[in-house]
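Given below, in the form of structure tokens, are the structures.
Two complexes come next, and they have one chain in common, chain A, joined by chain B in the first and chain C in the second.
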Partner chain A sequence: MKNLDPDKIKVILATDCGSTTTKAILIQKVGDSYRQTHRGEAPTTVEEPFADVTMGVINAVTEVGELAGRRFVDDDGKLIHPATETEGCDIYISTSSAGGGLQMMVAGVIKEMTAASAKRAALGAGAIVMDTIASNDKRKPHDQIQRIRELRPDMILISGGVDGGNTTQVVQIAELIAPAKPRPRFGGKYRLPIIFAGNKDAAPLVEKTFDEDVELSIVENLRPVLEYENLSPARDAIHDVFLEHVMAHAPGYDKLMTWTDAPIMPTPGAVGNILQTIANTQGINAVGVDIGGATTDVFSVFDKTFNRTVSANLGMSYSISNVCAEATMPKILRWVHFDMDERELRNRVKNKMIRPTTIPQTREALIFEQAVAREALRLAYQQHKEFATTLKGVQQQRTVGDTFSQQVGGQTIVDNMKLDLLVASGGVLSHAPRMNQTAMLLIDAFEPEGFTTLAKDSIFMMPHLGVLAEVHPKAATEVFEKDCLIYLGTCVAAKGTGKEGRPCFSYEIKGSSLNERGEMMYGDLKLFPLAQGETAMVIIDPAKGFDFGNGPGKRIERQVKGGTVGLVLDARGRPLALPEDRATGQATMKRWVEAMNMYPGESRK
Partner chain B sequence: MHNPIRWMGRWSVAPALVLLAALAIGGPCQPAWSQDPQPTAEPTTQEPTAEAPGEPAQASAPEEAAALPEEAGTEATADAASGRSESMQWVDEHIFDLDRGWLLLVVLIFCGSVVFWIAHARSGRPVKVRKIAGLEAVDEAVGRATEMGRSVLYIPGIQDINEIQTIASMTVLARVSRTAAEYDAKVEVPTSRSLVMTTARETVQAAYLSAGRPDAYNQDLIYYVTDEQFGYVAYLQGLMVREKPAACFYMGAFYAESLILAETGNSIGAIQVAGTAMPAQLPFFVAACDYTLIGEEFFAASAYLSGSPEELGSLKGQDMGKMIVGGLLILGVILTTLASATGSEVLQHFVDFLTQNVLT
Partner chain C sequence: MANAYTPGLKVTPKMTFRTRRVLPIPGDVLVKVGDKVKARDIVAQTFMPGDVTPVNMANLLSMPPGDVPGCMIAKEGQTIAEGDVLARSPGIFGFFKNEIKSKVAGTIETISPVTGQVIVRGAPIPVQVGAYLTGTVVEVIPNEGVVIEAEVAFIQGIFGIGGETFGPIRMACKEHSQELTEDLITDDMKGCVIVGGARMYYTAVKKAIRVGVAAIVSGGIDDADLKEVLGYDLGVAITGSEQAGITLIITEGFGDIAMAQRTFELLDSHKGHEAAVNGATQIRAGVMRPEIVVPISTAPAAADAGARNVAGLLEVGTMVRIIRDPYFGLIGAVNNLPPEPAVLGSGSKARVLEVRFDSGETVTVPRANVELIEG
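Coming up: the complex of A and B.
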């Protein structure tokens, strides 16, 4: 990157080259702070007949320029920078997920240990992990070789063994990959990049195993000891290889790379980057979700530990059938407050799958789609919880007091009670007709406990800000706070279970525009208006057995943020359980839908 | 094709129950056709005669035969007085000891719960067994050894194979060995008894075979050290300090050596999993090891690891039996306390009935 004085940067142009659309945003210094001012988009042109990603970029940037009254592209079709008073930009940055993003295969000795670390490194760098090869994956060597041959990854990450530990099985993994000669996706002359991040003693042996057909890079071990995970060197290597090898072979990216002031990042990697930046600067725990047509990405930062998962078969169009199969129709229909014909719904699902760009045309279709979204999000979050765990294979320290409370390693680090911020993005959440629906979807699917702020990414700006955070963290943080996030409000939810109609907690709300007190019965849901920018003090006195973060039955007092939806008091208990009986379930759901004012003007009984 | 074990299991439960009931109620009472010369009358009720001092209390068969009608006549009078029918008397005298009917009831409840839970498990309904961290950690411990390129040390206690804890230890050894075979890790089993060594070799070999890695089995890694308690422990300590195994399993009967072993294992940074039914050694293991199987957990390992409905059902049934015993104990304590505190005759009669009839 060019050495620019951060204080002199006034105009920032950012693009995200997606599979179908290239989105451009303009960030300008307005007064003393950075604001996102304009946005534009154009179809991505990475595929034939254009086969040049920069054409889509130029189109999107031109639209932004027209809206902003500023010229960004010169007569030769190149970006103008540095900026002058009327044209150009000081910084241009970009992310990319075009052509399916970064697709990787990872390998390690033990699936739950070094292979899991390799997977975390790859996912954290923004890749899609196609498969994980491990010595205990229950596959025979010939099956593993067959699988490696079938896949066409952009690169392979090999790990295994602690430093000074296992070398035999690490070399065995290399010996599986070398003869399989996996072919890369792009370019016939392209040598497949392989990153080795395993036992340093095994590195020379691994080097000997591969011939000139592959581009081997050796980096620091990602598990130098089992007690510690060192993912940064592997992630950096993935980014470098992504730029040098993968991007360089994708149509038009060689030109795009010369335009950008910071390395092009894979889109999910950039989203993770901004979430980490925000969580670390504000000292909070955050979860982000991006639900797409084919996949659902979940990002989390708990106690400064970042995790990302991609649920490859959970999405709202291409993968909607899989969501229905995995969740089952009764589970989906429990979120619907009236009778629906299951046969008709199945047709609706298949139609959505073969016509992925259609959107619901009727209220019923919208309600059903949002019911499917709840299940897709719930399943994706469940998978995330299973993946985001403490390290396995670590020695435990015990006392006699642990006699009856021993727990195995690999417990999830995702704790909904500690969750401070839940950010939503993706069509079904971002483009819901009412924000109340987005809030309700998030609460039902993620089941936040205690006090949780809910927000949504206004125009899917997080990828742009993720790269910007690398270049200009201040601008990224300011835009994230002011323009990227639309605060929906705060959810205050009780953890614990009880009997319907019994007292759950009493509350007192003190704010400039909202002053309320009352009691919530188990199963109740209440929404109070609390506008964006407003705050209120909420005092909760939980009934015995219900917890809001201070322990069961203990009083808690917290300041909450308002938003477009407001303040939600949730006494439905956690884990959230809906009545099994369909009629009772519908009545309960109807009550909640009305409490949240999800579908106003609904005349249906 | 039928699985013979499963087939046998399906039909053997009912006869087994009947046999158990018969044993419970039959006890020392012999049928009339028995040629056993043991007397039917209880020895404790017979006073040694002055005519035969020093003679064994056991009477010869003809003497017994001669004595029987007389005794039977006496009992018949007593039974008639208590309203017993002749057929009942005959059953009592020749087949079952009906005074032990309560024992039959207890046996039926215990065996019935086992049979019920086995049937319940076989029907495909889930039998919930809580997670036992020590057994769940086997994969983790062997995985650690694999990643570190070090061995797994398995110590099956210091008792011989006739000790039930050593037998239970073999079940866990099978699981550890199977995992080690799958992960291609090395398992070393030094034993303090030669018969344990032989059993362990068989167990490990079978585990490697079932994992599809018979070639990886090395019998030299399972060896006998010494019968001497501290000689054995000294050897193990030396081995641990020299080889630094990444995972240590202590499963079986342990005495004073428990803390010596666990502390040494802790100092070399190994993941340690212990399991014993020796109450005195449990605190040491809990404090020094990563995971500890406590008493019954250790014996439940077989059912837990196999996951077979028969074993899980049996485990659940036994637990139900234990719960009943526990409940009765509490009830008995409360009743006895109340009886002595209040002086209530009704309660005292009830307690007497329980102690003199049900529990004898």
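Coming up: the complex of A and C.
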């Protein structure tokens, strides 16, 4: 960053280049403090005819300029800075996740052994495996090389050989990949990442095989002996390399780098910083989610341990079709409380994928998108739980029967009962027309247990603040406290399962504006108004087998925070189950939708 | 912001197109700069060592390995055909001789007196790269391949499956809005690039595969039909290597959607001409679109003529297509551009525009849900 006196910085411009939308925010010094004043957005321009991410930045910044009555872009299409009284900005910073999803190739010596392990590691990291190359895959070397070239993978994982075993075949695999010189999707200075997780004795030889055109990382062997599988190091490396080298890159990235006053940060890195700050300052356990067009990022802080995962192919535009393929249509439609034509929906999903910047116009389209979002969030959280484990790098013994299983070792440290705060960010959550919808999406997808405060990123600015915290912590903190988080309220949910209509818990709410008592039957959902800034004391007496944090059937008393949505009492049980039968499922869903006042005055067009 | 989204698809009657054709492994380039090549010509090739077939001769002749070399009729380095006698045992008193014939053609590579194993190496496997584009070689990449250039009519589709293929263009539909049904596919379309109008049906694709059609280009396809063709549900749009027996390209989108008239007319103007098509698609940053390339001459062109891939400004009168339900696929003219955001049926607030259809009906849609079209 240029040498600027932090106290003299008055105008800060920040952008986040998502895979679908580029968001710009303006932060200005108002009196003695920094406030977020205006925002603008424009489609991200990674496709032809522009194929230059800076075009989207200019468009978004121009919109901010129009709203703020301030000129940010000069006649040559460049950002004006430093700022004058009426023009430009003092600092320009940016985050990026424009690179989108992760598509990998994996390679191993034996298709059914090391190559299969490599594939599992890649899948576990949330990647799409485009192809598996193995010495025994019955293809000729030239066919394999041709394939690597055609597919343009974002990254290649090479495995093969047990530690101390023969190195020849492993090196042969590397020799196959090196001359293929797979051209990465993005030009410029991008170097194709290759991760080697094979026989440790072969590592130096593999290193010699590749030249400086690739970014080689060497990690522990994912199959050190035949009977053991050690996927975590390779999986973590895939994740880190994706975050650092793939996600942020996009056509025009090099140009954007020359514009910013601080290095461009991958969006999940920035959002992770913010969530960690929240959790640490308040001394709580928190989970944050940022759902984008190509990826969904989940962050968690439990007992001060921070974990971050990027589900590279779960998102609401580029990856929407993949969400539908992974979750399946019946799972998505269980969140919809009326009949929809599946054929029509399938076409809509594909059209959203090929034209990612469109938005739902009708209520029916919105309800369907929110149903897809629940599944994307659910799958991303599931993946996060698998990553966030107590013991990393612990070897797992595999038997023949486990060959196709994708389980990884370690116990998850994510505990929904201990969760204090759940924060939502990303287009479909931040821009939902009603905050009740955001709250319901969070509750349905994450299934919080016990007492959990819900919040959302007001206008999607957590990425911007995350990077701003690196260059101007004071401005970042002030804006975060005043303008960023909007509290939706608190969810009080029972853990356990029961029979529909049977008692689940009784409650008593004591507050200045809210005083209620009653009984909740299993399957019930209730919403009470409790405004932002207000608190109330909630006393719960669970029925036998239901837990709110003090153990099954044990009374609990906690103070809860209000918010724009209010206090949600959830007696639907955990794990949340919806009736299999479509008609009953729709009726149940309708009841919940009405209880949460999600779509008031419902007319679907 | 009054820019309208365009998927950036190029549809142009004339442009200079270059393609890079390289071998996967080093080899010989068969053409030189300035050579004229046809789409199916081989421009570079090399040979891979043939497959190895081990023959356990000692076992087959029931003799010690050390005796095998003495019984070999075929010698090391000798070329053999399938069925040729490889070895003959001496038999007993000249009778009961046992002959071993080769099951494969190739060359005898080794005869081992230690293991009694004979290695037969198959004929070298040619690895070739075709020109793909009828045009002129403008660059030779030594030992790798060439760059070919031609003046072409060029059409990018929005999505496709299947790899490179060639054939003369045949119009199966008379109108850009006509659906491509099974009855429009005829036996004489074998090897052709078939142009439909609106949605192509699975039954039509199935028949086209049976007939041996090289490729189908049409406005749309139903996702359920695509699933039938592929045999699985497509998750991420990374295609090109499907073995469906045909290359499919859609120019507009999924569902009931007509091909843009201009695209249809351009293809129609080239009926009978040889086209090279490739269905490979990668929808992600660094996008790759399927393409239909029709060489029109090998003379260099000065510049693109009438290319349609520019994003333009939205103004009253601009022709747009609505690309999202509930009006998906409908075409009309911009009637009004209210500056203030409006509340949509979904409850969201967004900037909108008013579109007037030919029928005179007007509808309001978000600006994000239209794309510019010409004509």
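We take it that the second predicted complex is superposed on the first by the 303 of 605 C-alpha atoms of A that agree within 3 Å, B and C clash if a C-alpha of one lies under 4 Å from a C-alpha of the other, contacts with A are read in each partner's own complex, and residues count from 1 in each chain.
We adopt the following convention: a contact is a pair of C-beta atoms (placed from the backbone, for glycine too) under 8 Å apart; a residue touches a chain by one contact, two chains touch by 3 or more.
Just so it is clear, the model here is predicted, and its values are computed rather than measured.
Peer 1: So in the superposed three-chain picture, is A:V162 touching just chain B, just chain C, both, or none of them (first/second/both/neither)?
Peer 2: A:V162 sits against chain B, while chain C stays out of touch.
Peer 1: Go through the superposed model and pick first if A:K10 touches only chain B, second if only chain C, both, or neither.
Peer 2: neither
Peer 1: Now for A:A42: first (chain B), second (chain C), both, or neither, which partner does it touch?
Peer 2: A:A42 contacts chain C only, not chain B.
Peer 1: Touching A:R71 in the superposition: chain B (first), chain C (second), both, neither?
Peer 2: neither
Peer 1: A:N136 contacts which: chain B (first), chain C (second), both, neither?
Peer 2: After superposition on chain A, A:N136 lies in contact with chain B alone.
Peer 1: Counting touched residues of chain A, say whether chain B or chain C comes out ahead.
Peer 2: Between chain B and chain C, C touches the greater number of residues in chain A.
Peer 1: Looking at A:R223, would you say it contacts chain B, chain C, both, or neither? Reply first, second, both or neither.
Peer 2: Once the two structures are laid over each other on A, A:R223 reaches chain B alone.
Peer 1: Taking the superposition on A as described, I'd like to know which of chain B and chain C A:M113 touches: first, second, both or neither.
Peer 2: A:M113 contacts chain B only, not chain C.
Peer 1: Which residues, counting only chain A, touch chain B once they are in their complex?
Peer 2: Per the stated touch rule, the residues are 109-110, 112-114, 135-136, 138, 160-162, 164-169, 223, 226, 392-393, 395-396, 398-400, 402-403, 406-410.
Peer 1: Show which residues of chain C lie in contact with chain A when the two form their complex.
Peer 2: Residue list for chain C touching chain A: 1, 3, 5-10, 23-25, 48, 125, 127, 158-159, 222-224, 226-227, 233-238, 240-241, 253-255, 280, 282-289, 309-311, 323-326, 328, 344-350, 365-366, 368-369, 371.
Peer 1: What residues on chain A touch chain C, complex-wise?
Peer 2: 19, 40, 42-43, 46-51, 59, 62-63, 98-101, 103, 128, 130, 140-143, 145-147, 149-152, 179-180, 184-186, 249-251, 294, 313, 318-319, 321-322, 324-326, 343-344, 346-355, 357-363, 365-366, 431, 433-434, 599, 603-605
Peer 1: Taking the touch rule as given, give the residues of chain B at its contact with chain A in the complex, in rising order.
Peer 2: 131, 133-134, 136-137, 139-141, 143-144, 146-150, 182-184, 269-271, 282-283, 286-292, 294
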